[in-house]
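There are two complexes below, and they share chain A, which is joined by chain B in the first and by chain C in the second.
Up next, the complex of A and B:
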């Protein structure tokens, strides 16, 4: 299992916009570079990408939660 | 009635600025803050502080009901909105009025009217302030297009009257070109929207952004001269000057007078800014919009005129008539402001909400720093990246640039990446030094790789 961490502090979003579905659902296949979520930092949106392939284990951090740099956002099972 | 207890519904450097102005006038200050801003500098400086909600701006600084309730509970008799957030919200101004609290700014109706592009353009036309010339209604034939273009002036933009966006826009420099392009535009408009009607508007190529600062008390208005804010990235101003050295004196006077005419026509109360596009080739200016609030770049105007705009706002909101007459407002020298953002300019301006380490602020003759920093301050990631502004005032523009460069080199802040390297590179650029830039200048300059770690040190090793 690997953790997806945020490189920056800010606000974490599971979805590209409020009307869209989350980027990933539990059980989805994950490839290296897949977008897992967005971090809003100082009005800028940064994509958080998977660094390891596997099966999406789920979000660990809630949608729209405030996060600190290095915090685990989601897990990916190898 | 003079303001006694002022509630500041903003954060960051502008909250600090408002507190200082209020305290200079003997006004008690109450600072609003979100849960993420409990330790910001403005909270430490204010006489009181009140938490208005969670970190997310929509639940705190942008929440009208919460801000009004907090101001009421704190016994405030006035609210200063700063810039951004609720500073141009008619709903906020109305809610305060209903609560019996003075809004430091114009009336809700004026905010609403000047915030509407069409209504603002109509108000400008009625006051005799020039707007970008265009056709009054739809145009159906090529001859009619040529006729209208002759009065609007070339180059003209031809677009479909129906539909929006950039679809089918063509630019004609001459009547010959127009006669070639108009039928194509008509055919395309017919195909795309089922309507071949056209609209014509003058194209202002590579305009400069010039704006006029005004102060009004509802019956009379004065101007505090102009600012040039053409250096922009992603429509955000980066470097601002007072005055605009590209203007001749006659044009400057005409520009400022037309701004006063519009401000008086809408019975403007408080500090406001009228923004114009300036076409250097034809020496024409066109009103584009009005900002009904204090602006980030107001300090350059304060430096050259000696007028404290924020104090004047508070006096006017407190019921005093405008204290200044136009002939009392005089310009001394030139001033430049640069925006210090917590961003890494060498990494595509990536935000950098770090913790402030050792801090060394520049000082000296003609140097002013408006900021919200102190050693140990953790910059929250939830808001704008603007953390301060360096303002340099000199006898003339070259003198101001020299002082600015010195101040930027003396500015030390550990623990953060900032836009200081960008401003040092700009200060050393020959075109910036010559003042030959426009609103479309900075982005290509950045894309061309002019900002390098070497340039950022100003060439010094």
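Up next, the complex of A and C:
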């Protein structure tokens, strides 16, 4: 299992916009570089990408939560 | 020699002490948001204090060196690595030709300052190399650094490794951060209750926080003294006919979310400003992350000037330590 960490502090979003579905659901296939969420900071949205491939284990940080750099956002099972 | 930018981080900009003298023309002073840290980084590597270095917010860049150089990283706490090996912050170290300087996850604070012996020697605009992206001044063609950029660096001898700024001479925000405020010309526009609330409430740094300004949320809305708005002022009670905005001034559009103007801010406009953060505390704002808590503390001019003098003493002590 690998953790997806945020490189930045800010606000974490599971979805590309409030009306869309979350980027990933538990059990989805994950490829390296897949977007799993967005971090909002300094008026910009930065995509957080998976650095390992596998099966999406789920979000461990809630949608719209305040996060600090290095915090685990989601897990990916190898 | 050049610094090859391999990864640029989120927003990494060339900064020095800025370009004072053009604010009346609408061109902000710019320069490092945490000036003490930028000065200290330069002192550590033997540069003049006003040499240009890099300011990186929240995320460090990745840089390949083409020649041996002395390097220092100050400001926020973030793991520093040379070819993957740990180095300390606030301490001079050598990076050899071909080695890569990189960074881990931010631990505290918001902005690191990277000084390299010889300083970055891009072309200055209006007397400064500081990047002001909106005005396309300074930096690399007026912008933040990008992967593939090669930043020119001046010639300078290396300094001894291990020179450091003692912890007692470093400054960072407490939690909650305390920012001292001198109330200003338009303070009379707030009701007494609103004025008290502003200092009583705990505010939180909003996502809209950058080199132009820091927005704060979470306090109670401020009420204004009723008046018939003067000709030329907007209808909202937070509007005035127009005024100058100082560095550090605090505007509260609509009375809801205070914005502290920082180094790349505009020089005037139509919002009342309730006062200004004292100059000695402006560096601290540059080290605030979003979602951190802040209290504004009401001080008088004597306190503000004493704090400014104290800050000068701290900088002088760093000079003596590294002299």
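Convention: the second predicted complex is superposed on the first by the 78 of 78 C-alpha atoms of A that agree within 3 Å, B and C clash if a C-alpha of one lies under 4 Å from a C-alpha of the other, contacts with A are read in each partner's own complex, and residues count from 1 in each chain.
The criterion applied here is as follows: a residue touches a chain if its C-beta (ideal position, glycine included) is under 8 Å from a C-beta of that chain, and two chains touch if they have at least 3 such contacts.
Computed from a predicted model, the values in this text were never measured in an experiment.
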item: Touched partner set for A:70, first chain B, second chain C, both or neither; value: second
item: Chain B versus chain C as contact partner of A:55, first or second or both or neither; value: neither
item: Which of chain B and chain C A:11 touches, first, second, both or neither; value: both
item: Contacts of A:2 with chain B and chain C, given as first, second, both or neither; value: neither
item: Touching both chain C and chain B, counted on chain A across the two superposed complexes; value: 8-11, 40-43, 46, 66
item: Interface residues, chain A side, partner chain C - complex; value: 5, 7-11, 40-43, 46, 66, 68-70
item: Parts of chain C lying in touch with chain A, wherever the complex brings them together; value: 10-11, 57-59, 104-107, 110, 207-210, 289-291
item: Touching residues (chain side chain A, partner chain B) in the complex; value: 8-11, 40-44, 46, 64, 66
item: Chain B - residues contacting chain A, complex; value: 36, 55-56, 342-343, 350-351, 353, 381-385
